[in-house]
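One chain, subunit A, appears in both complexes that follow, with subunit B as partner in the first and subunit C in the second.
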Partner chain A sequence: MKNKYSFIALIIFLFVGPFLFPNATITEMLIFGIVAISTNIMLGYTGMLSFGQALFFGTSAYISGLMLLSGFPLFLAIPVATLGSFIISLFIGYFCVKREGLYFICLTFAFNQMFYFIAYVWTEVTGGEDGLVGVERPAYIDTQLTFYIFTAIMFLFAVIALYKIVTSPLGLIFKLIRENASRAEAIGYNVRFYKLISFSIASTFTGLAGSLYVLIHSMVPIDQIHWLKSGDIIFMTLFGGVGSFLGPLIGVVGYIWLSDTFSIIWARWPLIMGVIFAIVVLYFRGGVSELLENLFKKYKSISRKTEHEQNIKNTKLN
Partner chain B sequence: MKTAFNAVFEFLKIFMTFLIISQILNGLGLGMLYALVGVGLTLILGVLNIPNFAHGVLYALGAYLAFTIANLTDSFYFAMFLSPLLVVLVGFLLESQGVRRLYHAHHDYQLLFLFACALIIQEVIIIIWGPIGFSLLPPPSLSGAVDLGFLIYPKYRLVLICFAFFMIICLYLFLTKTNLGAILRAGIENRDMVKVLGINVNVVFLYTFGLGAYLAGLAGALSAPIMGLTPSMGLDILPICFVVVVVAGLGSIPGAIIAGILIGLSQGAATIWFPEATNVVIYVMMGLTIIFRPQGLFGVR
Partner chain C sequence: MNKILKIQNLTKNFGNISAVSNVSIEVEEGTIHSIIGPNGAGKSTFFNMISGVIPPSEGNVYYKDKDITGFESYKLPHMGIAKCFQITNVFPKLTVRENVWASIFSCSHKSKIDLFKSMNDFETIDKETKKIITDVGLSHKIDDKAEELSHGQQRMLEMAITLGAKPDLLLLDEPTQGLAPEATVEMTELIRKLSKKYTILLIEHKMHIVMEISKIITVLNFGEKIEEGSPKQIKNSKKVQDAYLGRK
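Here is the complex of A and B:
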């Protein structure tokens, strides 16, 4: 029931969004929405913190950018880039899921930086420090609005696919691994295999988002593959709240809105983001969605209480 | 004709030997720095169980503070002494004000708190010192070159290698011969047992974080005359520290020292043959380690 309401709210958001924010901003929000919701499959549902999501985002952006530059159509570039990040995620995930906890974080982090340096050094292909420039949007999504609609359709598709995964038995296995990995092993699930699947799902959808990202500013800046971006992705997910399916989207909207606002005011805006980040981690670990939920619950319990008191009064009167 | 060819060949051979030896020495110096930072990260990782994402910016802070102190007091040695201690104060602040409040939460949140602190300190460095890099010159007594007989080599780099080696020996003696060192090592092995034995873990955590910060700050200050100061130096060194930890095996201090030196040496060697791949070679080493020895060189877990 609750999910039905959130989905209705999501659809309303997709229609109202372009009126609230500039078109490029709302498109970016949807793209990072895919990233955060899929990262949440790994972070919130399976309980694996990967510090290397920018690797898939950036690599896929490079692949789709390069394909568009060499004249391939968009409908080929996006699937190929997504498939590319799927294959890379299988390869890297195979090594990373062997280890857990801190070692997993260190490994994903180091792999992220490895790909960054490859992109940095391989100037002929990736453009090195200047980034990959001159990628042009196809004619049918040339205007900001049509591109927004295109992104919104992709976003809905991704969200529905991810929702199906979460509510399927596979999603339950992910939750089981988060709650008690040794129990899962004892029941007979191959924990490493399911962790790899979770890692791959998150990375593939992150890749899908990356392949769309090229089209916003017609370029791939190299900092999209830097490890700081991975930190941003984790922060967005956490800022919204890992407890619910659509929670991370709230985090993305908040994060991008805040960073857009502050970056106009002050060149050193990451400082403000860092402070907000620290405050969130210290005092609001549940993120925005949990904060809202608590407020909602409080309101509900107050109204229920008054109702209850009314009932008592009524019975007494009778 | 033949003798001329031979002479050129001989010259090339000697030149190559010099090049290789000097690059190996360069790599050794770099490796010593990596070992110092890597050991700091390993200590914090081992005892507190968190990857210190603020380690890189503490390194940068050490370098920048050394630069300012050296300019203000005109004393290079005093700067090398004071700046790591100031970094320790920052480390104490991070641990006591932030990380300690999060011990009851999942360690992911400590990591994210330190990541936020890294962002903040990084921006503070740019606000105070500006986005342009600086260079810190070694004092007259350490500048110039030394004739080693077969090779002429910058004096500062040699002193750096010897000093870093001395620091590593001191650290080793501290960890193996003193009570506090024994407690730290016990904390890496089994944190709960240390708690059960009646040792105040909060104090141990504070000192560990301080020691880690000291090593980062010291390495930063020492690196300043060689590599210069850039605002991104902290962000660049952090992944290298993590590779050192992965290659060493989680929580192994001798492993971190050896892995740091190995990575420095391989970077030095890469400078001779593939100058553009010096940064990638670090990750190649990491890749080889996780394929052939997934638990790291000295890892047991």
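Here is the complex of A and C:
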């Protein structure tokens, strides 16, 4: 039931969003929404913290951008870039899931920086520090609105696919690993294999988002593959809340809106974001989504109490 | 009688220290075979080598005549060996139903495609889940999170998870550890009931339980097998009495 309401709210958001935010902003929110929701499969559901998701986002954006620049159609560029992320995630994930905790984080971070430096020095292909520029959108999505609609469709496809995963036995296995990996192994699950699957799912969908990102500003800035972007992804996911499926989307909307707003007001805006992040981590471990859920529950219990008191009063009067 | 598990010269060395040295046992199908010994006798190391948690330095483990020495622990449930842990080891934030469901699914799903189906597509697993939960007396807690259960109930859940693998051989590592007297009686009864269906290799500290329910008892001391026999033989063994009283 809770999920039903969440999905209704999501559909409403997709329709109302373009009236609340500029088209480019809402499109960016949906793209990072795919990233955060898929990252949550790995972070919230499986309990693996990766500092290397920008690797897949950036690499996929480069593949997609290069293919479009070479004259390939968008409908080939997106699947190839996404498939590229999947293959890279299998290769990198194979090594990363051999380690746990801090060592896993360090490995993902190291691979991320490795790819960043490749992009940085391979100037003739990636554009180096200037980024990959001049990527044009196909005619059928050349306005901001049509591109938003196109992104919204891709977003819905990704959300439905990811929801199918978390409500399948595979989603349950991810939760087993998060809760108690050694017990999951003892009842017959190859924990390393399933961690790799979780890592690949998150990275593949992050890649899908990266392949769309190149179309927003017709370029791939090099910072999209930097580890700081991986940090942003973690921030957005935690800010929204890892305890629910759509929670990370709230984090994305909040993060992008806040950073857009504060960056106009004050040049040192990351300082404010840092304070907000510290408050969320210290006092709202479940993120904004949990905070909203608790407020809703409180409101419901108060209104139920008032109703009950009113009923007693009425009975006495009668 | 058929020997379901044969362990030959199992040894585990940690540097110069030998935790288990040259231990051989054979477990008869359909019986309760217990391993006992004073603290530090090497019972848990021995158990962990059989269940694939740590690889042995020497020796072999044969299950149904197949050499399973050093197999990764996740492979064992698929062969019919399930393990119940010494320390309560459940999935705390998941419901009782999910805990048991996942265990049954692990050994009964046929292909990787099943992983992506809806959880509602597995009617047989749902029925089996309910049955096992009822068998261990937790049907009234089926939708509660495991962390909300009492310690005794968590031990029962632990047993239910183990049974979910539908094993032929049950490895039980001190199943009554930390249980209140009444819960210990319940657990003993459950083990007795289970022995009609499964072969059980039991490690247990509480002597009266071991003596009451075992067919064969192996006694370890300082990593070596010092005695083996029926409960009566073990009770009367001077070697065992010496080991427990610390006499050399």
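Heads up, the rule we're going with is that the second predicted complex is superposed on the first by the 302 of 318 C-alpha atoms of A that agree within 3 Å, B and C clash if a C-alpha of one lies under 4 Å from a C-alpha of the other, contacts with A are read in each partner's own complex, and residues count from 1 in each chain.
Here is the rule we go by: a residue touches a chain if its C-beta (ideal position, glycine included) is under 8 Å from a C-beta of that chain, and two chains touch if they have at least 3 such contacts.
For clarity, every value in this text was computed on a predicted model and none was experimentally measured.
By the touch criterion stated above, A:F157 is placed in contact with neither subunit B nor subunit C.
Touch criterion met: A:V191 reaches subunit C, while subunit B stays clear of it.
Of the two partner chains placed around the shared chain by superposition, subunit C is the only one that A:N180 touches, whereas subunit B remains out of contact. Residue contacts after overlaying the shared chain place A:F91 against neither subunit B nor subunit C.
Of the two partners subunit B and subunit C, more subunit A residues are in touch with B. In the superposition on chain A, A:F72 contacts neither subunit B nor subunit C. Shared contact residues of subunit A, touching subunit B in one structure and subunit C in the other, are absent.
Interface residues of subunit A facing subunit C in the complex, by the touch rule stated above, are 164-165, 167-170, 172-173, 175-176, 179-180, 182-191.
Residues of subunit A touching subunit B in their complex: 49, 95, 98-99, 101-103, 105-107, 109-114, 117-118, 120-121, 226-228, 231, 234-235, 238, 268, 270-271, 273-275, 277-278, 281-282, 285. Residue ranges of subunit C in contact with subunit A, taken from their complex: 51, 72-78, 82-83, 85, 89-94, 98, 101-103, 105-107, 109, 114-119, 122, 161, 164-165.
Listing the residues of subunit B that touch subunit A in their complex gives 45, 49-51, 53, 98, 101-102, 105, 107-109, 111-113, 115-120, 122-124, 126-127, 235, 238-239, 242-243, 245-246, 250, 276-277, 279-280, 283, 286-287, 290-291, 294.
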